[in-house]
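Below is one structure, written out as structure tokens, with a few remarks after it.
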Amino acid sequence: MTELLVPILTMTALGFLFSTGLVLAYNKLKVEEDPKIERVSEILPQANCGACGYSGCRAFAEAVVKGKAPVTGCPVGGEETVALIAETLGVDAGEMIKMVARLHCRGTIEAAKSRGCYSGIPTCYASHLIGGNKQCSYGCLGYGDCVKVCQFDALYMDESGLPVVREDKCMACGKCVDACPRNLFELHPQAQEVLVFCRSEDRGPMARKVCKAACIACSICARACPDAIVMENNLAVITDFKKIDPDKIPDIEKCPTDAIGRIHKDEEIDEG
Amino acid sequence: MPNSEYMIRSSPHFKDKDSVPKIMYTVIIALLPAVFTSVYYFRLKAVVLYFACLVACLATEAIFLWVRKKPFQSLWDGSAAITALLLAMTLPPDLSLDLAVIGSVVAIAIGKQVFGGLGYNIFNPALVGRAFIQTAFPVAMTTWIPPVTLHVDTATFATPLGNLKFQDAVVQGTLAPLKDLLLGNTGGCLGETSAVALFIGALILLTKKTINWRIPVGIILALSVFTGLFWLVNPNKFATPVFHILAGGLLIGAFFMATDMVTSPITPRGTWIYALGIGLMVGLIRLFGGFAEGVMYSILFMNTIVPLLNRSFRPRILGERRKPQ
Amino acid sequence: MRRKTFPHGIHPPEYKSLTEAKALEAMPPPEKVSIPLLQHFGSPAKPLVKKGEEVSLGQKIGESTALFSASVHASVSGKVLSVDGVHHPLGKPIPAVTIANDGEDRPAPEIQGSADPLSLDPETICQIVKEAGIVGLGGAAFPTAVKLSPPKDKPIDTVIINGCECEPVLTADHRVMLEYTEDILRGAELVRKAAGAERTIIGIEDNKKDAVRAFLEVMDNGSAEIVLLKTKYPQGAEKNLINAILGREVPRGGLPFDVGVVVQNVGTAKAIWDAVKFGKPLYERALTAAGEGVREPKNLMVRIGTPFQDVLDFCGGIEDNTNVLIMGGPMMGLSQWSPDVPVIKGTSGILAWTVPVPPMEHSCIRCSRCVDHCPMRLVPTQLMKYVKYEFLSDAENWGILDCVECGSCQYICPAAIPLVHWIRLGKNQVMGLKRKKSANNAE
Amino acid sequence: MELIAIFISAVLVQNFVLYYFLGICPFLGVSKKIDSALSMGLAVTFVMSITAVVSWLINNLILIPYDLGYLQIVSFILVIASLVQLVEMFIRKISPPLYQALGIYLPLITTNCAIMGLALIAALNGYSFVETVIFGFGSGIGFTLAIVLMAGIREQLDLSDVPEPLKGAGIALIVAGIMALAFNGFIGMLT
Amino acid sequence: MTTKTIRAEYLKGLWDENPVLRQLLGLCPTLAVTGTVITGLAMGLATTFVLILSSLVVSSIKKLIPAQVRIATYIVVIASFVTIADQFLKAFFYPISEALGPYVPLIVVNCIILGRQEAFSSRNSIGRSLIDALGMSTGFLLALLVLSSIREILGAGTFLGYQVMGPWFKPWIIMILPAGAFITLGILLGIALKIESKTKRS
Amino acid sequence: MSLSSRMILVLTTVGLISGGFLAGVAKLTKERIALNIQAEIEEAIKIVVDDAEVSTVLYEEEDLVIYREMEDDGQLAGYAIQATGVGFQDKITLMFGLDETLTKITGLTIIDQKETPGLGAKITGWDAFLQFWEDRDATGLLILRKPPVRTPSELLATEINSITAATISSRKVLEIVNLSLEKVRGLIAEGKIPSEEHDDH
């Protein structure tokens, strides 16, 4: 009988001893953490892309729970995530507008003249540092830094030498916006159709000389839509796309260089 | 405008003439004296081994370049050839060819290409290949034949270090004479026997500044001090430091393997630690370890530490205050 | 005389024999000059003239607005054709005043010298230097007035006049030293007074012994010391020069002030003398036009704003197979895509070169030559890798911001890796991150 | 002398990772950065030393006298599990940064076979109390050495062009293999 | 639960969530006991035994256990089954038990087992847990089999003790040593990833 | 019930159940395991001492056990010595036999070792090593023959064959045997063995 009794007693004693120890320690040493953080963190997509401005999904979760970040702060997760987080925290999600990244340049290999023979590190940033490989000092350099940083496979370089956004895949994380040394990307509501496809601040003659698709500051568009489009530094700027009168779009599209106009949605669907 | 396309690039616009292939071929040339000596001592066997290793290494390299879609030009940069030569030089002359080929394939594949190819490997590729076959086929890798010049008719033959370790050569008085060690008239791996030939090669590398002088100096210094201490205490039991330096693979290791740029530290202080560490470990293994020779293990072991050394011994930047650490 | 030098560094072929014996030649002012309102990094000067206005030689046409900025002056007299963006040697188009030369070189009325420059007080000297738009003529074009007025808590004891001209090919400074020896000495004296220093040291590399002799001939005892330096690149870089001559180390991220030193290029010293003595603003400079592609290499005195093309034409034009055009020296100069860019204050040379196809880039074999030669004692290969694989914080910890982009590492690199380009890329990215961080913190 | 031999053997010759294949999970998981590798190594060393003591006590005071050898597994693992949990809570309380650095790997020390392996191997070798302590400490140091060396190498490999499929665990295992070859040099040094 | 989900639940352990090749779990025994096929098999079977039984027990008592002692309880359960397996091997397969050495007791800390209890059994029904455990252990067994086959054939020229290579073959002793284990598994992982990325793309 | 007490209760109960369960299993397997271990030693003894049937432990210390072996008919068959010592990598446990006069080694087998597989581990399986242990002289120091020979006749009675490329492992085995023999001789001199027999006769 002792053969059975001793092990049973030993095990029971061990179990008792350690559970008591654990309980004591648990009560003495436990660190309070809001369980909501864990829950919110589980909802997040775990891409850890940093689009929210925090170092990772968990950090964002902490910020949201503490009220430092808005529930809509995660652009990657989309509306579903926002709804779930809002539900978890019991707050109102508000409306989330689908944003996409868009390129403000149409300086294809053909349109924009190249500058000398670039021989260096094949990235946009590196090229930009020594003046760039295009004569235009504002346009897309075509080495695809933006494509490299895109985590969602939403960008690709097409044959014309410009990056193309697959709007269905774009999560508006803003990586490409940061990556472009010439700040040619910007996040826009997907609903915005009219865009200025140029960032050149050169005066008309010079801009025209270096790129066929440059804004030459002729201000045709600004005259067509004075409420929404103004000229700043030799460049047309859309101040508020909502004020663009849909009827005036044909007038805007009279732009001699096609530097402003509608995004050609149909083409993109074909290619994507 | 005579030329419409000027080159746009970052400064500087001047470039020294030295290049990676040049460095590699300098090393190969420096290896040649020892290669020729080994061919003299071991005749056809040596030629065949060198050839097998060269072909296997280059073929493996070529396959990897092809699979990884890398420029084929780098096959001829000389690095694979060095690996092949060094590997062959550290093989027993009588080794069967299939083992040499396995070693070559491992050296290039596991030792170099899995890390990304030239410049990225952590360990000396030739030594990885050698360590692999040494561990896989220990008997074949420790069976030696005498050089043809010795005119002895035995199937197997012990190396000077093997004699020292397993036959108590100092006590017995059968230690190989230094003259034979210098000339290479003794048993051992193909390329390691002749100290003179290796010295000639080392001289080439040192005068051309292809290798970092600190490494051979550090290794030899550490080994001499270590073995010298024991020798001074008991010269009847321990061999002299000179014997330890000349015997076995120490010289080829110190001049040609430990100095491999890719796998040695990049800062002077790190280099000293690396070199002294190798020398010390060779001494430890030879005197107290389970093996007669320890150069291969010592270099491989110190190779694992190199990344840490590189990280810990960043040079003091001009104007940087010395921080109390 | 014992030769001093600094640790590390390289010794590239000099190619100086082509022009070092050729006296400075004043290039006739071109028909049209474009004077950029920004000649170094910083903010552009505010234009003071309008299209169609008549300007005279030396008239101030751009007013500096910020601390790290310098005024610009007309380098010819004539009519302003436009105030508009032109291509600039630094890459981006920059607003510039384009003047049609009327060939008269009518001096501006405000140009007035002072009879006894050496009796002026430091503030006045600084003021004159600032008004004259003088910047460092070594290449970086740092505004000189800023250098002459160190912060109060950093007393200056030594002025170093930089006569190293360590860049290969360039010989303009060498010629200036031979031909304007006395002006340089006087200018140096002004610098010493302005900075309140005790002594003046002129550092000259031993490949310019004739310049040393020239100085010794005209020097009245004790006004300055001459230190002979072993020829080595980049001896002319401030931090290395101070290290070579005085053995002092400028702290990381610090300036020569921090070790009580002011460094001025020989050309700058001359310009200071001209400005104080004759009231002459900086509208021309000495430069070397050379290189394999230049048919008749020359040392020239060129008006600021002269298009490169005119300078090259004056030197007999360029060879047909020229494929690199550089502003500055071969080690640190900027490659140009167009010969239409104007000469600016920092243009120490115009080089046309025929280079073969760049050698094949290998991967780094950690030969550590870059480590052995980096004058700042950095680890360029590691910095390159940190940038390439995007470990920017590591790059910063390893001192990427200390790099002076001298190019020694890339010159010596057997793998032909564009190290400097990578490091410049990294520096920019690190700075960008820092700016972002401080912007975030400011919020 | 015997103690020194046990220590050196545990660190270099019979290294827990490279010879016994124990603690591979953290060896691969926490060896991406030198700093965290070092913290992990030290945490393991700490836990190992304590485990060595406690498991020796249990083994020699309870299990052997009562002939309960078959309870070794259960009792050792209970000790280790509770110990680790205690250490975890302790670290979390006194040093949140350290806790952050070790992240999810601290609980994983529980299932770190190195700890359990240590208790079992020490029992198997029949070490005395002092020997067990030295063995535990040495094994921890050996683990730390291996993981820190590995982290150094992996930091360097981050800057390399390793083929895509081998990135991460694959290349780490190959490196471990070559390290095991290099550590072979120490074999026989103590006997 | 439909047949299809059962199949999927089972099959995921074989490849998609293969504990060794994909999740990198249980690498210690994978490396340590795969010098010969027979020890690999024995280890695989022992692990299977423990995994299945502890999954059953854990999924049936999951509701009774407070979260704070969850792990401790699981471990005791697992350890009990490991002890049984160990005793059984010692009693009936003494040579194999000797060859496996301390690695049988070490099943208790095999991350696969605790991991499955944490991730699956503690949240799912008994039936599902059983299928999951079966799938996982098959996956583990397969991985062990592949690795040990390579190592035994190259390292000794035999398979399950039978000579399979001709007399010309020189055994690669390194394959039955730690170094060979690491390198082989490293290459296997690489191949697994390569296959995965290929199948994903197509 | 509070959380704490529930925690304690659950863990204690689990411990209790598993303890009982394990005790049961252990009871079932204990004997067999003991038998297995016993069998291993007996088998080793049979290899090194011919006709050994009945063993008695004569002497026991930490690394040395001496068995006296009797034949079926009660006649002395010889002695078996189990010794443990340090090998190349780890401990080696071996068994060797001595004849009735304690002057000759009758055979040797390795019980447990962790030498390098395929190399040092040949001490367990390499015939040219193991077989050549028969009829070695046990009265003095044995020495290693290097390089190895092919037939036992090439060896002197005081020589032991070595294994190519595993000199150290073979030497370690030799050292263990030499050490044990020395101990045995010491014990004989002290009269501790085979004292009992003398009493019998």
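Lettered A, B, C, D, E and F in written order, each chain numbered from 1.
What we mean here is this: a residue touches a chain if its C-beta (ideal position, glycine included) is under 8 Å from a C-beta of that chain, and two chains touch if they have at least 3 such contacts.
Quantities reported herein were computed from a predicted structural model and do not represent experimental measurements.
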Intersection of the contact lists for subunit D and subunit E: A, B, F
Smallest count of steps, each to a touching chain, taking subunit A to subunit C: 1
Chain located farthest away, centre of subunit E as origin (C-alpha): C
Chain whose average C-alpha position is farthest from subunit F's own: C
Interface with more contacting C-beta pairs, comparing B-E to E-F: E-F
Length of the line joining the C-alpha centres of subunit B and subunit F, rounded to whole Å: 44
Separation of subunit C from subunit E, taking each centre as the mean of its C-alpha atoms, in whole Å: 69
Subunit D-subunit F separation of Cα centroids, rounded to whole Å: 32
For subunit F, residues that touch 2 or more chains besides their own: 7, 10-11, 14-15, 18-19, 22, 25-26, 88, 116, 118-119, 168
Interface hub residues of subunit E, defined as touching at least two other chains: 68-69, 72, 76, 79-80, 83, 87, 173-174, 177, 179-180, 183
Residues of subunit D whose C-beta touches two or more other chains: 70-71, 74, 78, 81-82, 85, 161, 163, 166, 171, 174, 177-178, 181, 184, 187-188, 191
Chain pairs in mutual contact under the definition given at the outset: A-B, A-C, A-D, A-E, A-F, B-C, B-D, B-E, B-F, C-D, D-E, D-F, E-F
Contact set on subunit E toward subunit D in their complex: 24-25, 27-29, 31-32, 71-72, 75-76, 78-80, 82-83, 86-87, 101-102, 105-106, 108-111, 114-115, 174, 177-183, 185-187, 189-191, 193-194, 197
Of subunit D, residues touching subunit C in the complex: 158-159, 161
Subunit E - residues contacting subunit F, complex: 35, 64-66, 68-69, 72-73, 76-77, 79-80, 83-84, 87-88, 90-92, 94, 98, 155-156, 171, 173, 176-177
In the complex, subunit B residues that touch subunit E: 98-99, 102, 110, 132, 135-138, 140
Interfacial residue positions of subunit C with respect to subunit D in the complex: 363, 382, 385-386, 388-389, 391
